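The same subunit A turns up in both complexes below, where it pairs with subunit B and then with subunit C.
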Partner chain A sequence: MDQKYRRVAYYPGCALEGSGHAYNRSTKAVGKALGLDLVEVKNWNCCGAMEVKNIDPKLQTYLSSRVMSIAANDMGFDTVMAPCNGCYHNLKKAEHDLGQDPESRAVAERLSSKAGHKTYEAGQIETIHALDWIKDAIGEDGIRTRVKNSLAGLKIANYYGCMYTRPRHIFPEKDQGADSESTSDPHFMDDILAAAGAEIVSFPLKTACCGGAHTLSDSDTSTKLVLNILKAAELAGADVIATECPTCHSGLEMHQIRAEKVFGERTGVKILYFTQLLGLALGLTPRKVGVQENISDPMELLKEKALA
Partner chain B sequence: MPIHEKSLIRPENLETHESLVLDDVDVSGHWSTFISPRVVTDYNEALEDEIAALPGGQNIHRCWQCGSCTNACTVNALNPDFNPRFWIYLVRMGMEEELLRDKEIIWQCVSCHKCTTVCPRDVEPEGVMKAMAHWLELKGHQATSPSSHFDDVFSEQVIETGKIEEGRIVRDFFRRTGQPLMQDWLVEMIKRLIRHLPVTLLARMGLATLVRPRTRAWGPARAAIQDYVAEERVRQRAALGLDGEPGSARPGLPDAAE
Partner chain C sequence: MTPLDEIEYRLEQLSSGGHHDKQTAAELLCLGEEVLGHWIVARGETPTRDRREGFRLLALHRQGAKGTPSFNACRETCRELVYRYNLVMNEPDPAKAAVTAAMAVLVAKHLFLFVSGKMEVEGLGEFCCSSRALRQASQ
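== the complex of A and B ==
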């Protein structure tokens, strides 16, 4: 029987080749451990992140459509998995706009033909997040049977950020009943890490904004927003904040230090990608999942919980 | 009655009297505060159309002033003066002078999309906020904001090579905004970051800043995008009644990317 998402096109995006390298490494390691194939999109380009849309939203739609066009037309895939919330969001937004807005379609057509590749047609690709990938290909039961090193005793606050659920209208598959993801109270990461044995704390700021768009251009605002998130996680009793986006992740790590240096506010909660935590539970070593690349050094905590 | 929303009344229009006698009745302590009436004659009737002509602003006419956007807004929670609903109102009324009083904070929208998710009228207020911020810059009311500098630095790299390299973005951004690169907290972060990193990864990161990551055979896409962006610039400036010369308020992307 065909396993869902056993082999998907993989779009890491720019951040995963830079500051989010540990996310790239742990995602691939987890895929390998679970027997899931990731085939990187050939010669991909930047999706436009949070910035290009401010120059021109239709240009951003084109950039994202090129990635999907390569996956569909050159590589024959019908699914693209993007672990970065920004990439995931932009591909979803492009899918929505190309389906609904003739002007966006016209710009994508014009730019695609001049750039010399096939225009992406809405509906060719299903874009999924790394959370969908694990949840649907393996599922909670599948994780439970594969756990070698339970996360038992580790208290985790799951942080989803903005781009995974907002704005709601670009995620038509969400809010479709109990099995689907929720935009107001997302739970896929909670489900996955709970299946890996972790104790999930109730975390009211799971979809709060970390100010990632202005992390350097309005640093004080970002630091205040991040500090709210870190403090709320500590208040909820969490040892770790689990992340599923390189921008959120590095935002939390950077502004945790900035809060300490500029505002004199120290917080001790550790920040790890959910793929790092899942990898540890599957028996991978901290090095295999790139823990040494994290800024908020979690090694002591991991040793204490017998995970390293 | 006390005035609850003093923030919406300009201080110079509030009259407070220590003691006040009206028609021989001492009303001190009860009616000591007045809002002086004013007559607004300087409407800019084109304002709404101008905002609507910029990317993101096209649905502004749909707003019915429910205030859900402001209620959900991330930045409003930090600063009550950051009020998307109020600014949309001012734009639709053509009250340009009023809008200009907040010109220094409008760019601070962090694009969290909470407003767009809760808006019952599909205004997409997040886009409207970006349109307002661009309008302020294009019209010369406000210098290029740090956020727009960041967007420019980032987009120029994407247009030039198809990809970005974060180290270069940070350096270019600090240079363009005239800030020192070696900020205390950044230095501290880098120190903590490299503490455990293997030499191979450090070398790889160093290499990325020398040999820029790029999408192969990007040239035709670059040229097509540059044409498109330049055309859009001209269209936007014309819609705002500005001359066709691109990039007097902001660096012209196509030029800077060459």
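== the complex of A and C ==
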């Protein structure tokens, strides 16, 4: 296993302090259970998603670079782990832009100097997702040996959302062979939860858009997109949709309720963060992984599957 | 081209049940091509007749994503539709083909929702306050 990932800088991002708090709680709990060290980036700021990026992409590059600069220059880390797809994507984009675009570098230098911190240089730090972290630091065999409460009998559809793999050019480490993550058919979450005993169902909408960006401007389209994802998961036979992004997760949960209210369409599939499911498999209690913070209540299903 | 609301109505019909088979899979592929065709025409281009990896749907997606990287968010949805089409066409058991075709209906529906939503956001379609007709009239 990759010892490098056993102690990483942790960048939770804004969502994990709000609507995605259960993801924050379960990520930390799983890290502790697996003996992995997460050291939170000091005085971190928003990565610039999505509002700043839409208005001024170079300012977003600077904001993300500041997080990486603190982790690398002030804290001495060579790896930063971001569990949120939006943060992960933005840090990767900043890394790419700072390496390729002189204008982005000039803006980052100017703003870093104004803010009084060292400018981040491309290549100083590696940004990874929570899926990379678990997969590389522990691996499937490591998970199998640590499982106390197998997810056997639980059918899971893994939903990765669209920012984890797109655009492909900012993820040069992906699509590098069988052991690397795939941008067209991501599988790290499938691998991790299968190792924890779950039955992974074939899910064609695993990277499809959930309409997260339209939630406020066009709620009906978002609800229809989410409803379609939920129905596809149910048709695939899933009990649970596993998520790895706080925005996707909140969208799925909230629009599941809205679909019933507005369109009269009820779906029963439960939505849990992959870290919550992994935590349960590692013997943590539902409370310890923040199940009580989810919008939908999965306790009946968890009890039925002997996971609570 | 079939109007978008008719495509939506047909997809609703298909998703509300009934028996699905190879004919359904073929129809879904055509509907997917029409959906992408609307996006391309709305951007002032002519939908290609080319094929990519044997499918016009994939060539149309490539054409539609040119200059609009965010359109790649439906790339895998298009590929999944092609994949499900292939599965249905090569499945000898009608019962299994029906299940796969039913899933393909949801995949095609997702493509429709994504593209029509994107047209609305970009003011390319005939939709309420962001309707192209109203926007052009006010310019």
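By definition in this document, the second predicted complex is superposed on the first by the 305 of 308 C-alpha atoms of A that agree within 3 Å, B and C clash if a C-alpha of one lies under 4 Å from a C-alpha of the other, contacts with A are read in each partner's own complex, and residues count from 1 in each chain.
Throughout what follows, a residue touches a chain if its C-beta (ideal position, glycine included) is under 8 Å from a C-beta of that chain, and two chains touch if they have at least 3 such contacts.
As the structure is a computational prediction, the values presented were derived from the model and not from experiment.
Student: Assess the superposed three-chain arrangement around subunit A: do subunit B and subunit C clash, or do they fit?
Tutor: In the arrangement built by aligning on subunit A, the partners subunit C and subunit B clash.
Student: Counting only touches as set out at the top, which of subunit B and subunit C does A:Thr221 meet: first, second, both, neither?
Tutor: A:Thr221 contacts both subunit B and subunit C.
Student: By the touch definition at the top of the document, which applies to A:Lys231: first (subunit B), second (subunit C), both, or neither?
Tutor: Only subunit C; A:Lys231 stays clear of subunit B.
Student: Would you check which partner chain A:Pro204 touches, where first means subunit B only, second means subunit C only, and both and neither mean what they say?
Tutor: second
Student: Does subunit B (first) or subunit C (second) touch A:Pro57, or do both, or does neither?
Tutor: first
Student: Which partner does A:Glu17 reach: the first (subunit B), the second (subunit C), both, or neither?
Tutor: In the superposition, A:Glu17 contacts subunit B only.
Student: Does subunit C touch more residues of subunit A than subunit B does, or is it the other way round?
Tutor: Of the two chains, more subunit A residues are contacted by B.
Student: Applying the document's definition of touch, where does A:Ala152 land relative to subunit B and subunit C: first, second, both, or neither?
Tutor: A:Ala152 contacts neither subunit B nor subunit C.
Student: Figure out whether A:Cys162 sits in contact with subunit B (first) or subunit C (second), or with both, or with neither.
Tutor: Both: A:Cys162 reaches subunit B and subunit C.
Student: With both complexes overlaid on chain A, does A:Met75 touch subunit B (first), subunit C (second), both or neither?
Tutor: After superposition on chain A, A:Met75 lies in contact with neither partner.
Student: After the overlay on chain A, which stretch of subunit C ends up in the same space as subunit B: 63-71, 81-89 or 99-107?
Tutor: After superposing on chain A, the clashing stretch of subunit C is 63-71.
Student: Residue overlap on subunit A between the subunit B contact set and the subunit C contact set?
Tutor: The answer is residues 162, 166-167, 208-209, 211, 214, 217-218, 221, 224-225 of subunit A.
Student: Going by the contact rule set out above, which residues of subunit C touch subunit A in the complex?
Tutor: Interface residues on the subunit C side: 15, 69, 72-77, 79-80, 83-84, 99, 102-103, 106-107, 109-110, 113-114, 116-117, 120-121.
Student: Within the complex, which stretch of subunit A touches subunit C?
Tutor: Of all residues in subunit A, those touching subunit C are 162, 166-167, 184-185, 204-209, 211, 214, 217-218, 221, 224-225, 228-229, 231-232, 235-236.
Student: Which residues, counting only subunit A, touch subunit B once they are in their complex?
Tutor: Residues 14-15, 17-19, 21, 43-46, 48-59, 62-63, 66, 107, 110-111, 114-116, 162-163, 165-168, 183, 208-209, 211-214, 216-218, 221-222, 224-225, 253-254, 257-258, 260-262, 292-293, 295, 297.
Student: Can you name the residues of subunit B that touch subunit A in the complex?
Tutor: 55-56, 74-75, 78, 108, 110-114, 116-117, 124, 126-127, 130, 134, 145-152, 154-155, 158, 162-167, 170, 173-174, 177, 184-185, 188-189, 192-193, 195-198, 201, 205, 208, 213, 215-218, 220-221, 223-225, 227-229, 232, 253
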